[in-house]
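Okay, so chain A shows up in both of these, paired with chain B first and chain C after.
Entry: the complex of A and B
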């Protein structure tokens, strides 16, 4: 009888031994195992992402020629306007470079742009983290800012050989110093608690009392550039509510974030040039 | 004899008792009594003393943290900010979050000591020493993290850290205080959200106009005595964040209004005294009430700017003639109030002391009023019936009383001179003569009638009580000497023993402007404050006309002692403003020699007086002629000019503050 009871308890005992073994395992071994697991599964993630791209490709092939022609026309119009913007930017850059030379100022170019496709969203909290298809091999460092056409995406939280994890600004774990457009006083921005399928929001604190924002008169919140991580002027969201804080010195409020953050397919990582110069970089596709 | 029973094991003897043994019953009784006692005790503890135990447990396991509320703002009469609060950013370390790290560090330190070679091995530190070392090491690690972000090289103060762990374990430890906005922005972005080191905000006083009205506004100091009336848990062990309390000026006098309502939280703590989140109860602090002063910032800044340009110590006071509200109360030298926020440094304090800037000359400076006192002598003469509007006196340039000879103003002989011209030219001989004729008793009585012998009672702290209106009895009591005729002559021209403050002379000017004897000054603004009405001076229209004519002529060319006010080449014209004024130049013997004090009292417009002014400037060079006309008049001009501008349509623009102390 006792041996039979032991047989029945053997799975639990094994589980207990494994858990105990994991708990007493040195931290360095744990980190190594975690990193190895991620690197081993990375090709699967990449393959799945590329299969999805292929699926999208064939889905697009199923569109009629008329639809494609219309989309092509729309795209041509957008391209034309972008072309003008690019030309203006080029001219402005040339003018800035001329003034920098004239005034003997250091160059303001601080970042290299690294475009990357989104491979996976973290399903456990998919508003908060995304995995991109570029990593250490492309010179992406931890902490680098990530942006898209709507403004700030977030910050690189983990970097692996071929992939990187970006923590979105919707995450409560991301905090940065913003400013209201046209103002210079820093405000604390932090991701809010974002339930699934609800519009993404963030919270602002330490907002000066004279800043008034409401749903009918929202204020655009942009990066301040003070923190040294994000360049100034990138859109974070719009402040739609501002109320007097508990200290009586500041306001706290709510920031409406870009809803496209939930369906990103491609982002750009701003790689700081000093980091870039120190690290070997594989050429970008 | 024991008879074996069926089933008994052979060879084993068992004693059996049948029936009840009365001895056992006794023990039953004892046990029952004891059980009853236990049950009773339990019931007593659980039922009757349950509240007491619950309270003891609560007191033992709960702690209260109190945060002071921000102070109220101080505004000028047009609701412009004179004092408000600025956020004070600091980076603080949550001690309960670093407990595991400290314990791990203790083990590492012990291991290191044990691992050392026997030859070099020092004595193993005691447990408290190891704990202290571990705390230092962990806290410095976090400070180094902050140093890396900000590019600094700060070190942990070991003594302060020990004190904090001993006395304020529940409060976060401040790693760096008073951070610049760029620094806290950098920390916001670079410190992990879940790091024990976090950016905190508290409030500190902010003075947007630097040194403006510094002696009126006063400053605040730090205090642990934060008022927490209406906050639950008064019996709990309480940790108070430092608050602020008014130490001078309006901040001190009206501390009860400005003081914010403290808030706080009640936390449960573990056996080590560390906080367990979330709090059991929480109350947000509330800002104190705002205070609106009667000061007009435009006028105040204009007066201070011109006073500073004289590069001499002095004071300027301006009152609203009707209400007595103080429009200007300036005193130089002064100090930049921002130097007090959050805390006055030793060097800054030494500098203020060296410059004599603590001294509030407007309310603490008791000076001889010099010839500005002749207005009072004139009034006393009229009321005593010895002076007529058309009285004349021959002025040979000196006046002899007994064996003493007193020189006239500038030593000039004015010849036959009437009242209007005597006021215009400030002829001393005329007023020596009048003073002797009036007599000291009538003169002193008249001065007391204008309240020049007592503090004004303005709602500011530290107003001096050293003003003197002398008479024979006073001189006998203080010096032991008899009153002389020369004393009366000196008194008549504001010299000798008389001492008054600039604020008193401003009140006197406002009273004369209203043709009344007393003006109560107020520093708080009340839009509904009624016009003051006190006892009329009692002059006939002819007498008042003669006095005002003389005072107006003081500000006119070619003879007036303040004719600079009428000279467009020296001072900008004040269109349409008729000013009544009287200058004064008093002398005082000091250790360095004879020092002059420049005075001017004035009010305007003559036809409907609205503003009254008194200026006093201390000469800084012995023997140098520091005349009221030359030195005090430009300050009065600046105030009148600002006053005129403030009455123009669309006035009351916010101006760039003048900050001479910065």
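Entry: the complex of A and C
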């Protein structure tokens, strides 16, 4: 009878021994295994992403010439307005450089823009991440900020050979400092709950009492530039509700984030130039 | 343990992982999440020898762990535990019945999902309506995919068993 009982418990004993062995395994071995398993599955992610691109390509090929001509015309208009903006930016940059030289100020953080396709989106209740199709080969460092046309996407959490993982600002674990546009006092922003079939939201805390925000008069929340990761002035979202916090000294509220964060296909990683100078980078296609 | 058997057990699991990530990519615009842990575990635990089954579970679990921001080994340990539980009671479950297999995959998926909820949001940090929506979505998709995945795995197993039988015959 004891032998039969032991036979019944043997699978669990085997698993228990394996788990115990795993727990005492050195962290370096686990890190190596984690990286190996990620790289093992990376080709699946990349192949699926390329197939999706091919699908989009064939779908676009089916458009009529009239539609393409119309799209080209619209694109030309957008390009014209961007060209004006580029000229203005160049002038402003030259002005900033001149003032920095005159006042002997340290130069602002400078970044190289690395555009990357999104290979995979992975949004659960516990994490919100995307995998992009550029990694260490393109000089992307851990912690680099990622942006898109609507503002901040998040920051690079992991970098692998040909891919990188970006943790989105919608992720409940993300915290960063923001300011209300036109104000200089920092506010704590945190990724919030992301209910199904609804736009993502975040929460703000430690907001000064004089800031009033409501759905009818929302306030734009931008990055503060404190902390050294995100440059100042990038859009985080819109504060749509502000209520007195439990401590009575600050307000807390809700931030509505850009809906497009849920369907990103391309983002831009801001690679700090100091990092770039330290490591050789493969040229972007 | 035969390495060829292990490789052919892991191949459909890798395919399943790929499909799961693609489905999650599509569902992300609706803020939904598909968890298919039950499919990883159910059919292998029901039909395969203990050693090969557990090894395949641990490999699949580690592949899932490498792609999720959880402690490395969490999926592997939970898949291993679920595999052992199903393996322990598999004599009471009909192996060739598609309905029984699907129900087993659903129950296993439900159990694993609850285990992840307990591990990843111990203080109730994740909102319950979102978790409920994810669970319903996962269960529906698991129910739809289970018969196909069982057939795929059974084809792979037949393939490996035929290859092993031919090899044994040649050696004789």
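One rule holds for everything that comes next: the second predicted complex is superposed on the first by the 248 of 285 C-alpha atoms of A that agree within 3 Å, B and C clash if a C-alpha of one lies under 4 Å from a C-alpha of the other, contacts with A are read in each partner's own complex, and residues count from 1 in each chain.
The criterion applied here is as follows: a residue touches a chain if its C-beta (ideal position, glycine included) is under 8 Å from a C-beta of that chain, and two chains touch if they have at least 3 such contacts.
Note that the coordinates shown come from a computational prediction; the quantities given were computed from them, not determined experimentally.
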Report for A:172: first if it touches chain B alone, second if chain C alone, otherwise both or neither.
both
Comparing chain B and chain C in the superposed model, the one touching more of chain A is C
Is A:122 in contact with chain B, with chain C, with both, or with neither (first, second, both, neither)?
second
Which partner chains sit in contact with A:30 here, chain B, chain C, both or neither? Use first/second/both/neither.
second
Which partner chains sit in contact with A:190 here, chain B, chain C, both or neither? Use first/second/both/neither.
first
Does the superposition put A:142 against chain B (first), chain C (second), both, or neither?
neither
Which residues of chain A are in contact with chain B in one complex and with chain C in the other?
172
Residues of chain C that touch chain A when the two form their complex
14, 17-18, 21-22, 24-25, 27-33, 35, 50, 54, 58, 62-63, 65-69, 72-73, 76-77, 80-81, 84, 87-88, 120-121, 125-127, 129-131, 133-134
Please give the residue numbers of chain A that touch chain C in the complex, ascending.
8, 11-12, 14-15, 18-19, 22, 30, 33-38, 40-41, 44-45, 48, 120-127, 129, 157, 167, 172, 193-198, 200, 262-263
Given the complex with chain A, which residues does chain B contribute to the contact?
69-70, 85, 87, 181-182, 184-186, 188-190, 192-194, 199, 201-203, 260, 263, 284-287
Chain A to chain B touching residues, read off their complex:
172-177, 185-186, 188, 190, 206, 224, 226-230, 246-250
